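I'd like to ask some things about the structure below.
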Amino acid sequence: MNYKQIIAQKVASHIPQYSIINLGIGIPTLVPDYLGDSECYFHTENGMLGVSELKEEQLDPQLVNAGKLPIGEAIGASYFHSADSFAMIRGGHIDIAILGALQVDSKGRIANWAIPGKDIVGVGGAMDLLEGAKTIIVTMLHTSKDGDKKLLDECSFPITSERTADLIITERATFKWSKSGYELIEVTDGYTLEDIKESTGLQYTVSDQLVKESAL
Amino acid sequence: MNYKQIIAQKVASHIPQYSIINLGIGIPTLVPDYLGDSECYFHTENGMLGVSELKEEQLDPQLVNAGKLPIGEAIGASYFHSADSFAMIRGGHIDIAILGALQVDSKGRIANWAIPGKDIVGVGGAMDLLEGAKTIIVTMLHTSKDGDKKLLDECSFPITSERTADLIITERATFKWSKSGYELIEVTDGYTLEDIKESTGLQYTVSDQLVKESAL
Amino acid sequence: MRNKVITAKEAADKFTSGMTVMVGGFGLIGSPLTVLKALEEKEVTDLTVISNNVGEEGIGLGIILQQGKIGTAIGSYFTSNREAVRMYNENKLQLQLLPQGTLSEAIRAGGAGIPAFYTSTSAGTKLAEGKEQKVFYGKTYVLQKSLKADIAIIKAHKADEMGNLTYYKTARNFNPLMATAAKTVIVEVDEIVPAGGLDPEAVITPHLFIDHIVQSKATLLEGRRVEYEL
Amino acid sequence: MRNKVITAKEAADKFTSGMTVMVGGFGLIGSPLTVLKALEEKEVTDLTVISNNVGEEGIGLGIILQQGKIGTAIGSYFTSNREAVRMYNENKLQLQLLPQGTLSEAIRAGGAGIPAFYTSTSAGTKLAEGKEQKVFYGKTYVLQKSLKADIAIIKAHKADEMGNLTYYKTARNFNPLMATAAKTVIVEVDEIVPAGGLDPEAVITPHLFIDHIVQSKATLLEGRRVEYEL
């Protein structure tokens, strides 16, 4: 498995059966591959509940997800206009949004829509999803290609919302938001607690449970 | 023709072809009988465009107008929920609302939802229609059964909206709202200008056109 | 697939005293008559009911009104149930009156994560007294806060097993809105079809809004009469 | 019945410089491609365009962007048309960015007679700077004013001759909203059927919103290509 697949598989392990899920572009779109028999329903904010994997014979240029990529239609699907779709999101009717992020900070805030010094020319549905989804799962590589930290004490990029992300899942580790901030609940085989400490700028505590597991 | 029919016929003469019309309960429901070949479309605020006359064989307890009376379904009808229905009304998409009123005053304001000293226990869609319809036509008997004036300098009943009514049509006369207030534009055969003056409390001017007609 | 189908009695058992409840329908039309009938047997008091009317005297929502289970009613037209007016006069019922368009929009807003909106409806009238107002483009608007509930009981025509819904003619009214604005949503339907049995383009309420489905055992007849097959 | 059918050229002739125009579609999906193509020949400048994106480079709305006919674009995601970004940098285009949910709700509000509403989306971010805010139940919300237009050009699947509309899959998107929020509404459709040819329960846009109907002559193909049969 490559890094993206590792992340997608870890995300899948945190998803309860029957969840209503909105998938962001990139790594999140791989998550359904790892859900196995668990029945979940996929929402896309351009106006559909019941996204399914695309089969060749279904290809329809007018049936796309929020990344404008072709998708399939599951049994029991439905279509709605953009205002109704975002009413679902903002109104708290989506169980889980799985998003990518450029940065996350110790306050649980994510940055995923703008880069300082570059023009701010697109936001899409990211802010609405962060405000409205009941659970936010962030998927991202732990560091940049150059090894720069992306899990920071404070985001240097503009934040997307004041809302805290519930889970941050990277190829190295999983952090869960709790009353006292992020808690490291899982480390990928092959990484040590020291590895995580060195590559992570945001403040976190180590879960009791995790310590036991890594002591094996 | 009885008084109600006289009023309904007069209203019909003011309705352009292809109008989208919302009919209040009572006299307004008689208006379609006098539209002849003029094609109009009827909206009912409980969620339908395309109300038609009820035919016996169509009787369906789940197909009703805003007065909860059974109606028919015209060709090209559509159904929608209450929020979309009132979005049409408030958003200015209904050409004409034909309403009953208890009182109208010199400022063009109508009172049709509450009576002083009685409990205020119902408002329905009256306020929304007054705010949103492009043209308001008020139908009413000129005076109460006891001869009390209902067209007054100022409403003694609580007003329904600050919005001015465009046309007031009674069994005796028609008043049209203009920049300088109401203008008497028509008097029913059998009534004199003096009759109207005596039975009307609201301020109005007499249209030049009307004076010519009544001089015949 | 999760089994969403429950009985009317099971639906009634989800009610507890003091709850805020949305009830679909325009009078008896599009009202969840079977669930309302089952509520007759449920001991519960001091409900706050959000509904356009409170049914008819002793029918539909009027059943539990008559039993004294409703403490407050929020709606647009109570005139059609004389019992509601009488109980209001006897101080046995609180009433909150909203214009019908403001009521329906406030329910939609509740489901759509909008805490408040502005409308010109009621500005300058008795119903706007005490409400926050704001001028936009020279015109006065009233601030209306959204409405939400603990439970919504609604009526639809068909449900598939997943909970996708279609409605029937003017029985649609407030139902699709209330489906979005409560923590628990119970729909009473004329017919339950298999998953995939409804046209995806014609689904009005997507299944994510629906928690429980009840098979209707009530038929609305002419003259505001109801026939139950219980 | 009034004849609402016009040609794409007649539709284009309704545009004048300086107008505010809503254009349906999520990128090219559900975009009125035939009318946009006809606008290529229409001399018009300084349009304010309200649309989620501004099409693709040189396709759809991108055609008239390239021609310099758009002065300001209001939308949620301009990143997908690099030409828009380039023109913005060269000061040839003004951009106003809104979150997608705020954009769609503002258009709905424009059509629904709601001058403004509150949303928590964007609160605490750069996009909320300079906007009026208000606290409800301890949380901060941003005031968003509604959007309206002089003309809306939208895409639907089928129209009956009266102008009732149905849509096709995810090509629905912003179209039903824009149908409600402009003084003149022009719909481009795949098929025109006789009055009464659509199921009243499945009509998404009732005919009262539609002024003109144009037969589509464009087909969206794989890979964001468009084929015209002009």
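Residue numbering begins at 1 within each chain, and the chains themselves are lettered A, B, C and D in the order written.
The rule we apply is simple: a residue touches a chain if its C-beta (ideal position, glycine included) is under 8 Å from a C-beta of that chain, and two chains touch if they have at least 3 such contacts.
All values derive from a computational prediction rather than experimental measurement.
K.L.:
Chains in contact with chain C and with chain D: which ones?
P.N.:
A, B
K.L.:
Quick one: report the Å distance separating chain B from chain D, using the average Cα coordinate of each chain.
P.N.:
The computed centroid separation for chain B versus chain D comes out at 36 Å.
K.L.:
If you average the Cα atoms of chain A and of chain B to get two centres, how far apart are those centres in Å?
P.N.:
56
K.L.:
Measure off the straight-line distance from the CA centroid of chain A to the CA centroid of chain D, and report it in whole Å.
P.N.:
30
K.L.:
Give me the residue numbers in chain B that touch at least two other chains, ranges are fine.
P.N.:
73, 79-80, 86-87, 89-90, 131-132, in rising order.
K.L.:
If I count partner chains per residue in chain C, which residues reach a count of at least 2?
P.N.:
Residues 105, 108, 112-114, 119-120, 167-169, 200-201 of chain C touch two or more partner chains.
K.L.:
Pull out all the chain pairs that touch, please.
P.N.:
Result of the pairwise touch check is A-C, A-D, B-C, B-D, C-D.
K.L.:
In the complex of these two chains, what residues of chain C are touching chain D?
P.N.:
105, 109, 112-120, 134, 136-137, 139, 141, 145, 166-169, 199-202
K.L.:
Would you mind writing out the residues of chain D in touch with chain A in their complex?
P.N.:
Chain D reaches chain A through residues 26-27, 29-30, 52, 76-80, 84-85, 88-89, 95, 97-105, 107-108, 119-127, 167-177, 204, 220-222.
K.L.:
Which residues of chain C touch chain A in their complex?
P.N.:
Touch residues, chain C against chain A: 1-2, 108, 110-114, 160, 162, 164, 180-181, 195-196, 200-201, 203, 206-209.
K.L.:
Which residues, counting only chain B, touch chain D once they are in their complex?
P.N.:
So the residues of chain B in touch with chain D come to 18, 20, 39, 41, 43, 49-50, 73, 75-80, 86-94, 131-132.
K.L.:
If you look only at chain B, which of its residues touch chain C in the complex?
P.N.:
Chain B residues touching chain C: 44-48, 59-65, 68, 70, 73, 79-83, 85-87, 89-90, 114, 119-128, 131-132, 158-162.
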